[in-house]
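Here chain A shows up in two complexes: once beside chain B, once beside chain C.
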Partner chain A sequence: MQRTAPLAPYALVMPGFLLAAFIVLWPLYQLGVISTSEVNRFGQLRGFAGLENYVAVFTDPDFIGALWRTLIWTFGIVFGALAVSFPVAMILHEDFYGRGVARVIVMLPWAVSITMTAIVWRWALNGESGMLNSGLKNLNIIDTNIQWLAQAATAFPVQIMIGILVTVPFTVTIFLGGLSSISGDLYEAARLEGSSPLQTFRKITFPLMRPFVNIAVVLNTIYVFNSFPIIWATTQGGPANSTDILVTYLYKLGFRFGKLGEASALSLMMFALLLAFTILYVYLASREVRE
Partner chain B sequence: MKRFTLGATGLTLALAMTTTLASAQSLRVTVAEYSAKTGPYFEEAAEAFEQANPDADVQIEVVPWDVLLQKLTTDISGGANADLSIIGTRWLIDFVSEGIAAPLDEYMDEDFRGRFFDVFLSPSVMDGQTYGLPVAASARAMYYNKDLLEQAGIDGPPQTWDELAEAAPKISALGDDIAGFGMQGKEIETDVYFYYAFWAYGGDLVEEDGTSGLDTEAGYQAAETYKSLIDAGATQPGVTAYNREDVQNLFKQGKVGMMITAPFLSSQIAEEAPDLDYGVTAIPAGPDGDRGTYGVTDSIIMFENSQNKELAWEFLDFIFTTEWRAKFTEGEGFLPVNPEVAAMPAFADNADLKEFTALLPDARFAPVIAGWEEIAGITSDALQTIYLGEGEIQPTLDAAAAEINEILDQ
Partner chain C sequence: MSAKLKRTVIAWAVLSPLVVVTLFPFAVMLITALKPPTEVLTPNWVPSRLAWENFVSMWSATNFGPALWNSIYVGVLSTAIAIAVSIPFAYALNRFDFGAKGFLRQFLLVTQMLSPIVLVIGLFRIAAALGLIDNVNSVVLVYGAFNIAFTVWMLQSYFATIPRDLEEAAWLEGASHASALVRVFLPLAVPAITVTAIFSFIQAWNEFVIALTMLRRQESYTLPIQIFSLVAGRYTVEWHHVMAASLVATIPVAIIFAWLQRYLVRGLGVGAVK
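Take a look at the complex of A and B:
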C-alpha cells in the first residue's frame, strides 16, 4: 500500500501542470519553430533557416544597445522600488492616525492600468503644455521649458521613475505582509536589551524580511524586464532607438518591420535570459538561507 | 408536464435559430479607426447593407491605426483574418507578393472603375491587376496662421524653402512660446515630414539605379534646411518630442506660424478652434521650382482565402456608392476619391480642399517596395539623430542610405 501512495501527489498536480504546460510550453515550441524558419511578413513559414535569425539579431547594433538599456531599466526600477518601498512599508506598518487612508493612497496607483498612467505622464511631460514644466516654472526651479521626451538623457530617467512609481504599491504590499509576520516579542526583547532603532533594524527587521525582499526582487524583475507600456506610450523607444529596451525593440522588429523570425529568436533569448537570472537568484538566495 | 413542454419549445426555438444562422452568410470587415466617427459609420453602412441583403450578416471590427498592421499580421498567421480589410496602400505590395490579397478585376466593370479618380486607384494596381480600392485619400499642404504672419510683417505665405527659412525666425521672434515653423520629429511619418523638403530639392526616395536617394545632394540640402531652422530657434524647441498631433495642437493653439499636414486639420480647427485665422497653401518649392506633395491612400482589400467573395464584393459595391462615399469622406475630412463626390457642393465649394486637390498633379506616393515600413523606420531614426545634433548630416544620411540599400537589394 505504502508503495503506491506517491502516485497521488503527481495525479493531483497533473491538471495544473498540463494547463500551465499548454499555456507556456506550446507557445515556446511555436516560437522555436518560427525562429528557425524562414518566415514571411505575415508569419507564414517558408522553409528551414537554421540559426540565421539568431545571428541576424546578434549582429544588429540596436540589439546590443537595447540589451544594455534593459539591464539599466530592470536594475534601476527593481532596486529603486525596493529603496522606496522599504521605508514606506515600515511607516505604514506603524500604528498612526489615518493609517488606513495612507495605505489606500499608496495602493491606489495599482488600480490604474500602467498604460493609462503612462499616457497621463506623456501629457504631463509635454514640453509646452505639460503639468511638470508649468509646475516647475511656478516653483521657480526652471526658467525655460524642458523638453523631457525629446532626448534619451531626460526621457529614460523619467521613464525609470514612472516605472518605480507603478512598482511601489505591489512591493509595499509584499513588505507589509512580511512585517506583520515578524513577532512583536522580538522587538520587545530587543527594547529590553537596550537595542537602538538602527540595531533593531539591522539585526531583526532586515534579516527576517530577507525572504520577502527576495520574492519582491524576483517577481519585480520578471514584470519589469518585460514591461512594455511605459516606454511605448511615452517615446515608442525613440528618438532614434535611444530609449528602446528589448521588449519595445521586439515589438518593432515583429510588428512594424515584419521580421517575425528574428522577433521569435529574440523573444526566446529574452526568455532564456530571464529564466537564467531567476534560477541564479533563487539559488543564491536559498544558499544564503542555508548558511 | 409543463416543464417538459417549455423544454420542448426551447429546443424547437434553438433548432430554428441554428437553421437561420446556417443560412445567413457572414462577412467580417476589419476597418481602421480614423476618428470617433469611423466605427458608427461602418456599423450604419453594415446595417443598411443587411437590410438590402437579409441573408448577410456583416461584422465590423474597428481597429486603431497604430495596431492595425499588428492585428492583420496575427490574424493572417493564424488563418483567422476577416474577408475584407482596410490597409495602408504602402503595405499592399507585401500582401500581393504573398498571395494574401485577391485581385478584384473579375468583379469590376468600366462603370465601376469610372467611380474613382485614376490618381487614387492607380497605387492599388500591381502587375496590371487591381488589388485594392482607395477608401481614404489624403494629400499634404502647408497651413499658415495669418495673424502671426501679419504680426511678423510677412505678406503672404512663403513660396519657397528659402523664403520660409527667412520668414520662420521672424515669427519665432514674436514670443517665447511662438514658433515659426512647426516641425514633426517623433513617431509615424517623421520621415514623411522630411520628404516635403527632400522632394522640393529634387530628391527621389529610390534612384533610377534602385538605390536610396538619401545620400544625394537633395538629401543633404533638405536636412541642412531643417537643421538650420532648428538651430536658429525657428521651430518649436525639442522637435523630437513632437509627433504630428502634438504639432497640430500647437497650431490650433495659435503657437505655430506654419506647418505641413493633411486636410483633416481643417475639420479639427473648425470644431476645436473656429476663431483661428489660417490659410492653406502649397508646400514650398525648391530652388528649381520642384514641389513635392505627399499623396496617401488607404485601400480596402479582399482576402484570397475569403469564403464569401461574392458577398464581400457586393458589400464593396455598396459602400462605394456616391451616397455612402460622401458621408464617409465628409465625416473624416479626407479628399474625395470619387469624381461624383468631389462635384458635390460640400466638397467643390470648400476652399481648403481646393488647395489640396490642386496639388494632386504633383503628388508622390510612397514607393512600392516590400519592407517599406523598415525603410521609413531607418530614415526616421537618422533624421532624429540629425535633429538632436548627435550626428553630422552627411555621414548619418550615408549610413542610413547604406542600410536601406541592403533592404532594396533583397
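Take a look at the complex of A and C:
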C-alpha cells in the first residue's frame, strides 16, 4: 500500500465520482423541486404546491391500475424466470452431448437488445400476418387468428412471457455460478451414504443454492420493475392504458400528458422504492461475501 | 444406452420448449428479412426465394446510415468518457488504502442498480437547460456518466488480479509512481480495459428510454429509436425492412457479446458470490 501522498487517491477518484454523482443527484434535486411545484405543460414552475402532485398521483385510477399491474408484472417475471432457470441451470450443469450448443441458445436473448426483441415479437404476434398465429395453426393448436396485442387479456401475459425469456439467461448464469461452487465431494459423500437424488437435492443442492436464489430474486426485481422497452415497443401501454406498468405510465404522464409535477412525484416515489431494494441487495451481497 | 446418452436425451427433451421459444423470434426476424416484399404479409415459413436485395433497399428506406453513425458516435464517445474517468478511479480503489473507500464501493453498487428511467424527467431538464435536446451529445453525457459505476466496478475487479510486485519493482528501480502506472500497470490492464469498454459500448448501443426522450428529430436518432420509429404509430409498416434493419443492428453486437459474456459474469462477480 502506498502511503506517500494521502490525497492522491482522492484526486484519482474525483472526476469519476463527481460525474457519476452529478448525473444522479442533480436530476433528483430537479425532481424534488418539480414534484412540489405547480407546473404547466411547458415545464414552467408556477409556485409551491406542497404535496398536491403526490395526492394527484394516488387519486388517479390509472395509477392504481398501473401499480397493480406492476406487481403482477414483477412477480410474474421474477418467479417465472426463477422457475424456468433453476431446472435449466441444473441440466446445463450436467455433462451431455451438445451442452455447448444448448448453453449458447439459452444465453442468446441476453446478447440482443430488449428493444429489438420486443419489436420482433410485435411482428411475430401480429394478428393477420404474424408467424405465431400461422405456426400455431399449422400445429392445429388454434383455428382462428388471435389478435395477441389488441387486447389486454392476451397482450399482458404475452409481454410477461417475453419478460421471462429475456430474464432467463442472466438468472441461469447466476445459478450456474452457484452450482459450480458446490463441492463435488458433498455429492460423492451423499452418494456413498445411499442418498436418493431427491434427498440430495433437498439436503444439499437447494440449501447451498439459497444465497444465489436470493441474489437473483433481488437483482431481477430491480431490473424487471424498471423494464420499459418490452411494453413500450409492443403496445405502448395500450390498448387504452390496459397494459401500462408504472414506468410506462410515468413516461406518458411526463411526456404525453404534460403532467410534469405528477410525473416527478411518481419518479421520486419509485426512486425511494428502488433504493430500498438496492440497499437490500448490497446487504445480501456483502453478507454472502463475508460468509 | 450409455449413461451420457440417456442424460443427453433427457436434457434436450426438458430444454426443448425453451429452445423453441428462444429461437422463434430469431427465425421470424431472419425469414421476414429475406422475404420478397410481396410475400411479407403472408405468414408462410418458407419464402419463394431469398430476397437479399431487402438489405440494400432497407439502407435508404429506413434511414439506416445516419442512425448507424449516430449509434457509433454515441457508443464510442460515451465509452471514452466513462473509461477515461474510471481507470484512475478503479486504480485508486485497488492500490490505495483511504478513508472513503468503503463509501465509494457502496456508492458504486447503488448507482449501478439505478435505472435512468426514474430520473428521466430530471435528466431531460438538464439537457434542456444545456440546450442539448435533439442533440446526440446529451445522450453521450448521460450514457457516459451512468456507465461509470459499471466500468469502475468491472475494472477494479480485474485490476485486483494484476500483481503489485511489478509496480513495486519499478519504484525500486527509481521510476516515479506516475511512470510506473503508465509503463508497467496500464499495459497489463489493456485486456481488462478493452473488455470493459466493449460492454460499455454495447450498453450504449442498446439503450432505449434515454434516447427516446432526448432525441426527437430523425437526424439525431440512434438505431433503436430509428427502428422503433418505423413501427410505432404507423398504418403501414415495411416489416421486411424493419426486420432486415434489426438484423444488421443486432447481429454483430450479439456475436461480440456472446463471445465476451464470460468476462462480464466474472467481472461483475455474480458468478463468484461465495
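By definition in this document, the second predicted complex is superposed on the first by the 245 of 291 C-alpha atoms of A that agree within 3 Å, B and C clash if a C-alpha of one lies under 4 Å from a C-alpha of the other, contacts with A are read in each partner's own complex, and residues count from 1 in each chain.
Here is the rule we use: a contact is a pair of C-beta atoms (placed from the backbone, for glycine too) under 8 Å apart; a residue touches a chain by one contact, two chains touch by 3 or more.
Please read all numbers here as calculations on a predicted model, not as lab measurements.
Peer 1: Mind working out whether A:Leu186 is in touch with chain B, chain C, both or neither, as first, second, both or neither?
Peer 2: After superposition on chain A, A:Leu186 lies in contact with neither partner.
Peer 1: With the two structures laid over each other on chain A, which partner does A:Phe255 touch: chain B (first), chain C (second), both, or neither?
Peer 2: both
Peer 1: May I ask you to decide whether A:Pro239 touches chain B, chain C, both, or neither, giving the answer as first, second, both or neither?
Peer 2: first
Peer 1: With the two complexes superposed on chain A, say which partner A:Phe228 touches: chain B (first), chain C (second), both, or neither.
Peer 2: second
Peer 1: Which partner reaches more residues of chain A, chain B or chain C?
Peer 2: C
Peer 1: Examine A:Leu274 and indicate which partner it touches, taking first as chain B and second as chain C; both and neither are also allowed.
Peer 2: second
Peer 1: Just checking: does A:Pro211 make contact with chain B only, chain C only, both, or neither of them? Give me first, second, both or neither.
Peer 2: The answer is second: A:Pro211 touches chain C but not chain B.
Peer 1: Looking at A:Ala56 after the superposition, I want to know if it touches chain B, chain C, both of them or none. Which is it: first, second, both, neither?
Peer 2: neither
Peer 1: In the superposed arrangement, which partner chain does A:Asn40 touch: chain B (first), chain C (second), both, or neither?
Peer 2: first
Peer 1: Once the shared chain is lined up, is A:Glu128 touching chain B (first), chain C (second), both, or neither of them?
Peer 2: both
Peer 1: Take the contacts of chain A with chain B and those with chain C, and give the residues found in both.
Peer 2: 43, 128-129, 236, 254-255, 260
Peer 1: Residue numbers of chain C touching chain A in their complex, please.
Peer 2: 4-5, 7-8, 11-12, 14-15, 18-19, 21-29, 31-32, 40-45, 81, 85-86, 88-89, 91-93, 95-98, 100-101, 104, 106-111, 113-115, 117-126, 128, 141-142, 144-146, 148-149, 152, 177, 205-206, 208-209, 212-213, 224, 227-228, 231-232, 237, 239, 242-243, 246, 249-250, 253-255, 257-258, 261, 265, 270-274
Peer 1: Over in the complex, which chain A residues touch chain C? Could you list them?
Peer 2: So the residues of chain A touching chain C come out as 1-4, 6, 8-10, 12-13, 15-17, 19-24, 26-31, 34, 43, 84, 87-88, 91, 94-99, 102, 104-117, 119-124, 128-135, 138, 161, 165, 168, 173-174, 176-178, 180-181, 211-212, 215, 219, 222-223, 226, 228-229, 232-233, 236, 247, 250-251, 254-255, 260, 263-264, 267, 270-271, 274-275, 277-279, 281-282, 285, 288-289, 291.
Peer 1: Under the definition above, what is the set of chain A residues touching chain B in their complex?
Peer 2: 40-44, 126-129, 144-145, 147-151, 235-236, 238-241, 252, 254-260
Peer 1: Which part of chain B faces chain A closely enough to touch in the complex?
Peer 2: 69-70, 72-74, 76-78, 94, 98, 100, 176-177, 185-187, 236-242, 246, 249-250, 253, 255, 370-371, 373-374, 377, 380-382, 384-385, 387-388, 390
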